[in-house]
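Several structures are given next for inspection.
Two complexes follow with chain A in common, the first pairing it with chain B and the second with chain C.
Entry: the complex of A and B
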């Protein structure tokens, strides 16, 4: 799986409550009132979406996930996470 | 990955069940811990425009003088959100019965996921549109029967069924996520199938079937309203959900011990853990103690730990907690670590039609 090119940042109007005790991050979107619970993979990608580009997110994610992980599996995780975060309006695509 | 969650009683009940641990010998405790609450229930008022025979808060038409004012609630909400709360659930009484409720609600909706439990009789299309415009998350409506005579008898108010239906239709038409709450009791159990058909025709997204709690006026009418556990289970097991309608119920195998994630404040500012614990606990008043401090109250910590003497394995697997509801466990056993008698696997011969003397 590939992930969209370009840079990503967290959308506006979010309220974020990390709950490390439960290995989840709860995100409230005010634009369309909904709550989302991010698992660890999605949470990490969400955190990395601070204007970084896709390649940088992949590199930083891989560094955090551990060197022993399969590169294609990591790319798949990132691709899925970005796709879902974009779809749910939690991150947005910005021009590089 | 991410997913939306909703539940009338425990907003976090959709947490991964993989965190549940099997019930076994020795100490049983919830595997989940929170350093600060995620959700808070605000019992905004004990006034209501209806006169329900079972009212848990023993509501009256007039607001009680000790109820917190809107500025006091707004200050509390500011602090709670700063402490990490992301979900606010308003209930009553009837919240819209107090004219200052919209002001408080509007101050919340853009900062947290908000839910309101209402009888919907005070919601017309204009108000429904307003609720949608300010970003209300979910509207829960207490509708107690499929038939007007059943609902009106339970609410003690002629015409209330028709008015609630009008409010529900207005909410659905306004695009609000609208869900119905059905408190299962002797007066309405037989019409549950008809009720679900009505709910589907109204276009609501879900129906929550709730147990009757021995609180407030329900205690005094228990003999005529309470069902046996076998009768409740027969009603639950006979459910055939209409297509597209989500059904939520808290009996076996979904009996959760929600205390680990519950925070609630009554109309007078007392931190009571859960609206269903309103007669049993008081962790302090939020006018002079922060919600975070009451979260650390010894009894609150004990209840959040989920330590219980017995647990149902299937419910633990589905809910990620042990022992079932602490309110009904305490009501029937007078111990907070007792098994919940509403779960048939740990009922231990308790006849739910008969209240213990200490409650009366």
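Entry: the complex of A and C
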């Protein structure tokens, strides 16, 4: 699994409401009015999108969530999550 | 909360949990507007309802044909792994709950839904009836009285409900159609 070069950041116009007691985060995309619920893993990927590149996100995700897990499985998860977050307009890609 | 604070929060949650976290999941939330607003509420045994109609309703209540004049129905799921525990709890505690309700509040049982067209209303229904609108307020007050048997039992009953986001839940309030005013 490879990631596009460049980095990722959260899209503008979002309203982000963590619900830590339920291990979820609710995000409202005001530009395209819709609500999304992120589970804990997706929430972590979303918050790691602060200008980091895909490789860095995967490394930091693994450090926080899955030191004992298969690296390729984690990379695949991150790739899928990034694609989904991009598709739903929660994050954006900044080309290198 | 700023992004860096949220990141610290989610990292702490992730590191504090046991076992392997589930795969990332992003799900759209579809809001449901659940107001009914078909009927104006009126207590069948109070002013506004002709006395002869009140007599009919009162007789049906007294003869236990009607569930009640004011009813509420809570719909919810119980996690399958707790279903047997829930069943045993009901066997032991439903008679206690009946006895512990405040005056004017009637516990009418908890039912398992074995066929329904409503997918999101829950697999169980707990039915209450009230002698008056005041009794609804009395139920809330008794539920908040943490020292009472009723509050303890109600807390245990509600504690079986699946409260995870998206879990099926519903609530309905009924009045006898015979005296309901439709607008």
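In this section, the second predicted complex is superposed on the first by the 91 of 96 C-alpha atoms of A that agree within 3 Å, B and C clash if a C-alpha of one lies under 4 Å from a C-alpha of the other, contacts with A are read in each partner's own complex, and residues count from 1 in each chain.
Following the convention adopted for this analysis, a contact is a pair of C-beta atoms (placed from the backbone, for glycine too) under 8 Å apart; a residue touches a chain by one contact, two chains touch by 3 or more.
For clarity, every value in this text was computed on a predicted model and none was experimentally measured.
Student: Here chain A is shared; do chain B and chain C fit on it together or clash?
Tutor: The answer is clash.
Student: Regarding the shared-chain residue A:71, is it in contact with chain B (first), chain C (second), both, or neither?
Tutor: neither
Student: According to the stated criteria, A:22 is in contact with first (chain B), second (chain C), both, or neither; which is it?
Tutor: both
Student: Name the contact category of A:88: first (chain B only), second (chain C only), both, or neither.
Tutor: both
Student: Counting touched residues of chain A, say whether chain B or chain C comes out ahead.
Tutor: Between chain B and chain C, the winner on chain A residue contacts is C.
Student: Based on the superposed arrangement, let me know which partner A:10 touches: chain B (first), chain C (second), both, or neither?
Tutor: Once the two structures are laid over each other on A, A:10 reaches chain C alone.
Student: Is A:30 contacted by the first partner chain B, the second partner chain C, both or neither?
Tutor: A:30 sits against chain B, while chain C stays out of touch.
Student: Identify the partner contact of A:44: answer first if only chain B is touched, second if only chain C is, both if each is, neither if none is.
Tutor: After superposing on A, A:44 lies in contact with chain C but is clear of chain B.
Student: For the combined three-chain arrangement, which segment of chain B clashes with chain C: 91-99, 145-153, 271-279 or 307-315?
Tutor: The stretch that clashes with chain C is 307-315.
Student: Residues of chain A that sit at the chain B interface in one complex and at the chain C interface in the other, please.
Tutor: Dual-contact residues (chain A): 19, 22, 24, 26, 34-39, 41-42, 80-81, 84-85, 88, 90.
Student: Going by the contact rule at the top, pick out the chain A residues touching chain B in the complex.
Tutor: Of all residues in chain A, those touching chain B are 13, 15, 17, 19, 21-22, 24, 26-28, 30, 33-39, 41-42, 80-81, 84-85, 88, 90.
Student: In the complex of these two chains, what residues of chain B are touching chain A?
Tutor: 1-6, 11, 14-15, 19, 32-35, 38, 81, 84-87, 109-114, 135-137
Student: Could you pull out which chain C residues touch chain A in their complex?
Tutor: Touch list, chain C to chain A: 1, 3-4, 6-7, 9-11, 13-15, 17, 20-29, 31, 164-166.
Student: In the complex, go through chain A and note every residue touching chain C.
Tutor: Those residues of chain A that touch chain C are 10, 16, 18-20, 22-26, 34-45, 47-48, 50, 64-66, 69, 77-78, 80-81, 84-85, 88, 90.
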